[in-house]
Amino acid sequence: MNKLQKAIFEKSRKGKIGYSFSPTEFSDDLITIDRKKLREDIKDFPQVSEVEVVRHYTNLAQLNHSVDSGFYPLGSCTMKYNPKINEKIANFEEFSTHPYSPHKFVEGNLEIITTFEEWLKKITAMAAFTITPSAGAHGEITGMMIIKKYLSSKGDTRKIILIPDSAHGTNPASAHFAGYEIKQIPSNKDGIIEVGTLKEYLNKDVAALMMTNPNTLGIFEKNICKISETLHKNGSLLYMDGANMNALMGVVRPGDLGVDVMHLNLHKTFSTPHGGGGPGSGPVGVASYLVEFLPVPYVYKKGKNYFIKHNGEKSIGRIKNFYGNFLVIVRALAYLMSIGKEYIRKVAEDAVLNANYIRKSLEPLLELPYKSKTLHEVIFSDKNLNITTLDIAKSLLDYGIHPFTIYFPLIVHGAMMIEPTETESKETIDEFINAMKKILEKAKTDPEYIKNAPYTTPVSRLDEVLAAREHILKWEKSSE
Amino acid sequence: MRYFPLTDSEREEIKKFLGIKDTKELFSDIPKDKSYYPLNDIPSALTEDKLLEKFKELAKKNRYSNYLSFLGAGAYNHFIPEVVNYLISKGELSTPYTPYQAEVSQGSLQGIFEYQTMIAMLTGMDVSNSSLYDGGTAAAEGVLLALRKSKKNRILIASNLHPEYIEIIHTYIQNLNFEAEFIGFDRESGKIDLTQLKKKIDENCGGFIFQSPNFLGVIEEVKTISDITHNKNAFSVQVTAEAMSLAFLTPAAENGVDIIVGEAQSFGIPIGFGGPYLGFIGAKKEFLRQMPGRIVGQTLDTKGRKGYVLTLSTREQHIKREKATSNICSNQALCALRAAIYLSTMGQKGLKEVSKINHLNTSYFVKEASKLTNINIKYKKNFYNEVVIEIKNNNVEDFIAKLEEKNIIAGVPLKYFYSDFEDSILVNFTEIHKKKDIDKLIKAIGEIE
Amino acid sequence: MNLDDFKFTKEHEWVKIEGDIGIIGISDFAQKEFGDIVYVELPSVGEKVKKGDACANIESVKAVDDIYTPISGEIIEVNKELEDNPENINKDPNGKGWILKIKIEEKKEIENLMDNNQYNDFLNGISQE
C-alpha cells in the first residue's frame, strides 16, 4: 500500500492526546520563573492519538524504498545489509548511560570503545584512531585540522591541499573549513593520479594530497606508495578518504600503503544503518607521529584501568560533544565481531566480484569511460544514448530497484556509479541487469516512455524548480 | 555466513563469466607485497548466540542503571514513549539512504519536513534544517552562520556557554580568520555580565553567542541581550542544550533572537553514552541561503500531487564544494525523525506538561534543600531544570562518594569546568524523577555530616 | 531580437551600450547551461566594480555561479524584478532578463569583447570540442 499522507498537523484535532505519563505531585505554585518568560501554547503543534501516530509513521515508512526492501546500488555509499542483531545489542539499556557517568560505572562502554579502536587499527595498520567524528565529512575536517596542527607545530604554514578532480564534494569543503586553499589535480585517462602529475603540482606550499582510494571511479590508485613517498620528500602528507574501504577491507591496509591520516565511514563499510541520511560515524586514524594531535576526548586502557584524556597541548581540541556516536560504534563492533577473520576478506572479495559481474554484463550496452580494473563499484556514462542517466534512474524505480548514484563524479558525462556490495545475491544482481537491458531496449523504440518514468511510485517526478523558487520549508496552516 | 548471499558455486559461475581463476586476480593493481596480508591477529567470527553472550558480558560491566542519577549538563534522561522506539526500528525508516531519489523517499522526506516544522514552531523561527551533529557542532555552525551573513570576522562568546561547546567553537574557528572574545558572567546571579557585553560589542562584531538556560541552569535575559546586540548591528545567537526548555519558556524569535542552535537529544533520543544526538538550528528567513546542511521543501509532482524534495542544494558541498555553507553531508536524520515521532506522540499537551514537571521537580528540590545546612543552592531563582549546589562542609569527592554509597549519582562536579566552582556540583531534575526520588536525595544529603 | 550592438565575453556575459551606460546580462547559451534559474543575488546600487569582478550570483537547481562584469564603473541600477521572477533570465536573457546597469568608466574595455558574430563562432568552437 502506498498511501500518501496528510501532514501530521492536518490530522490534529484539539484535545487529542497520544502520550501517557503520571501527573505531577506538585502544584504550579512552585514555578519560580517570572510568568512573562513562560510561553503560552505551541501554536498548531500536533494533537493526535497514539493510534494516529502509529498509522502516520507506518504509512510514511511504506512510501520509502530501503535496503530492507530491495536492491540499493548507490555508488560510494555502500548500501549493505544492516544486521538486526546489532540493533538489539545497541538497544541494551545498560549501554545507554549518561556520558558524564563516573568511569567506574561505565567500564563496559569504555571497553567497547577501546576494543573497537583495536579492530580498526588491525584493519588499517594505522597507529591510533579517534572515534569522535560523527560522519565522513566530520572525519575529513578533523583529519585536515590534524595535518594543519602538525605542520604548524613545526613552524610550517603551508596553505594548499591538492584534491583530485574526481573527489567527493565534502573533500574540498572540509579542507576549506579547516582553513586551507584547494588546488584541483587532474587524473589521467586511466582515472588515476600519476606521480608525474603530482610532481607538477607539488611545491613547498602543499600541505597534503587528499585522495580517495579506491577513487570515486571504483579504481585502485595504484601509484599510492610512490605518491606517498613523493609527498613525504616534499614535507607533505597523504590523507586517504576511506569511504570506499569496502573494496579493501581484509585485502590491504592503508597504513601499509603510506597513508598518514584517513577516515572510515561506519555507516558504509561497517554496516550501520544509513537512517535516511544519518547518524553515521567517521573515525579518523593516524600514523604514529600524529597520535598526539588527535582530538579529545581520547579513551585508552592502561593495565586494567581505563582513562579518558580531555586535554592535550598538541591535540586539535574537541570536535564533538562527549565521545562520538557511541551507539553507532556499538553496532559496528558487533558487525566486526560477527564476521571475524573468517569473513572479513570475503567482504571485499564478494563486493568486487559482484561489481565486476555487473561491469561485464552491461559493458556491451553502455559506454565505459575508464577501462582500468574495477574494484567494488563501476561507472558508466550516458554518452551516445538517446535518453539521459536521469531517465534510466527514474525507470529503474518502476522495477522496484533504487537507482545507482547519478551525475557523480563530475568528470564523467552522465555518470552512473553502481556499487552492489557483497550482501546481494546473484539473483538480485541478475534482476538488476535484466531491468537495465529492458530499459535500454525500450529507449530505442519508445524513448518518450522512458523520459516520463516513473509510473508506479507513490509520486511521479517532482518539480525541484518550484521547490527552490517557492521555498516552502515548513507546514503552515495557510498553505492548505 | 548469513550476510553473504553468494554461494560457492555462484562465485565459481561469476569467475568463469569474468574469465578468471582466482578472485585475487581482481585485486592485481594492489602492490603484491602489501595485499592479502595475514589475518591471524583478527579474532574469529562469533555466531549470533555467542555475540549476544559477549555483549551481555560487556553490559554487566556497566553499573549505571543500578543508580538514581541526577546527571545533566547537556545530556538528559527523559521519558521516551514506547511508540517512538517501535516506529523508529522499522527498516523502511532506518535503512534507506539520503532521500536524493524523492519518488521513493517520501516517507523520510515528509518525516523531516514535519520535524523542521516542529522546530520552527518551538523556536518561532522561519527556517530550520534536517539536523546537525549535536549541540556543540550546532553552536559552531551558528557562529559561522552569523559571521558569514554579517560579513564580519569577530564573534563574542558567553563564558557560561557549555564548556564543551566553547571548545568546539574554538576548534572550528581557530583555523579560519575569525576572532573571538569572551563575555564574563556574574558569579552572584549566574547570568551574563550585561555591562561587559555593552562595552565589548561594536560594529565589527558579527554576533554574540550565548546559552539560555545557561550551563549553570540559569535563564538569561534573552530579550535584553538581543536588544544590545541589535544596537550594534550584530546578530543575537542563542544556544540551548536542553531542548525541553523550548516548550516551557517564551520562543527565541519573540525574544529577538536571530539564530537559535542547540541540542535536541531531550526529544526522544536515548542518552546513549553521548551519541548519536541531534543538533538543531532555527533562523530568521534572511539566513535561508546561508543555512548549513540539508533542507526539505514542499513541491508538486507531474500529476499535481503534493510531495517533498531536498532543496536549495546549491548551498551544499556536493554542488558548491569549497564554497559551500558547511561541509556537512550525512547528518543525524534518523534522530531527527525520532524527535518528530516523540513530539507528535507527546503532542501539545504532553510536551507542555512534561516540560513543566521538569521545572516543578527542580523547584521542589530547591525549596526542600534550602532547609539543609550542609549545602547551599547557589542560584535560587531563574532556573529551568538544573541547579548549582555548593557543598559546605566537605570536599566534593567525599560528598559524591557518600551519596554513591546510597546508590545515588548526585551530579556533575563543576571544578572540571570553572576553577572558582571547586565545591559545586550541577544537579538536574527531569520528569523521570518522582517526589520519592527527590526526597531520597534530600534525605541522603541531610545524612552527610 | 537584434543583437548587433551586443558585446560578449568568453564567460558568456553580454554588455549593451546605451550612451555612457552599459547594461549587463548573460547569453542565451549561459541560461540554457544553468537550467531553470531559481534565484539571483543582485549587487547594491552605488557599488564600484572593476572589470572581472564578481557582480552578481545566479542559482539554478543544479548549479550556482558568479557573473563577472565585463566593464568597470559604478552600478547605477539593478533589475529588481529578478527578485520575484528569476525565470525572466531564462525566458528573455537578452531583454527582460538584464541584470544590472553600470556607468562606464573606461570605454576602451569594450573594444576587446566579441561582437555577436564572433561570439557565435566562439560557441561553435566550444560545441566542436
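A, B and C label the chains in the order they appear, each numbered from 1.
Simple rule for what comes next: contacts are C-beta pairs under 8 Å (C-beta built on N, C-alpha and C of every residue); 3 or more make two chains touch, one makes a residue touch a chain.
Small disclaimer: the values here were computed from a predicted structure and weren't measured.
J.: Show which chains lie in contact with subunit B and also with subunit C.
T.: Common contact partners of subunit B and subunit C, which must touch each of the two, are A.
J.: Can you identify the chain nearest the overall CA centroid, using each chain's own CA centroid?
T.: Ranked by how close its C-alpha centre lies to the overall one, first comes A.
J.: Could you put a whole-Å number on the gap between the CA centroids of subunit B and subunit C?
T.: Their C-alpha centroids are separated by 45 Å.
J.: So what's the Cα centroid distance for subunit A and subunit C, whole Å?
T.: 39
J.: Quick one: report the Å distance separating subunit A from subunit B, using the average Cα coordinate of each chain.
T.: 20
J.: Which positions in subunit B touch two or more other chains at once?
T.: If we look for residues of subunit B contacting two or more partner chains, we find 319-320.
J.: Could you check subunit C for residues that touch two or more other chains and list them?
T.: 39, 59-61, in rising order.
J.: Check each residue of subunit A and list the ones that touch at least two other chains.
T.: 464, 468
J.: Show me the residue ranges of subunit C that touch subunit A in the complex, using the header's touch definition.
T.: Result: residues 35-36, 38-39, 59-61, 86-87 of subunit C touch subunit A.
J.: Note which residues of subunit A are touching subunit C in the complex, please.
T.: 464-465, 468-469
J.: Give every residue of subunit B touching subunit C within the complex, in rising order.
T.: Residues 289, 313-314, 319-320.
J.: Can you list the subunit C residues touching subunit B in their complex?
T.: 39, 41, 59-64
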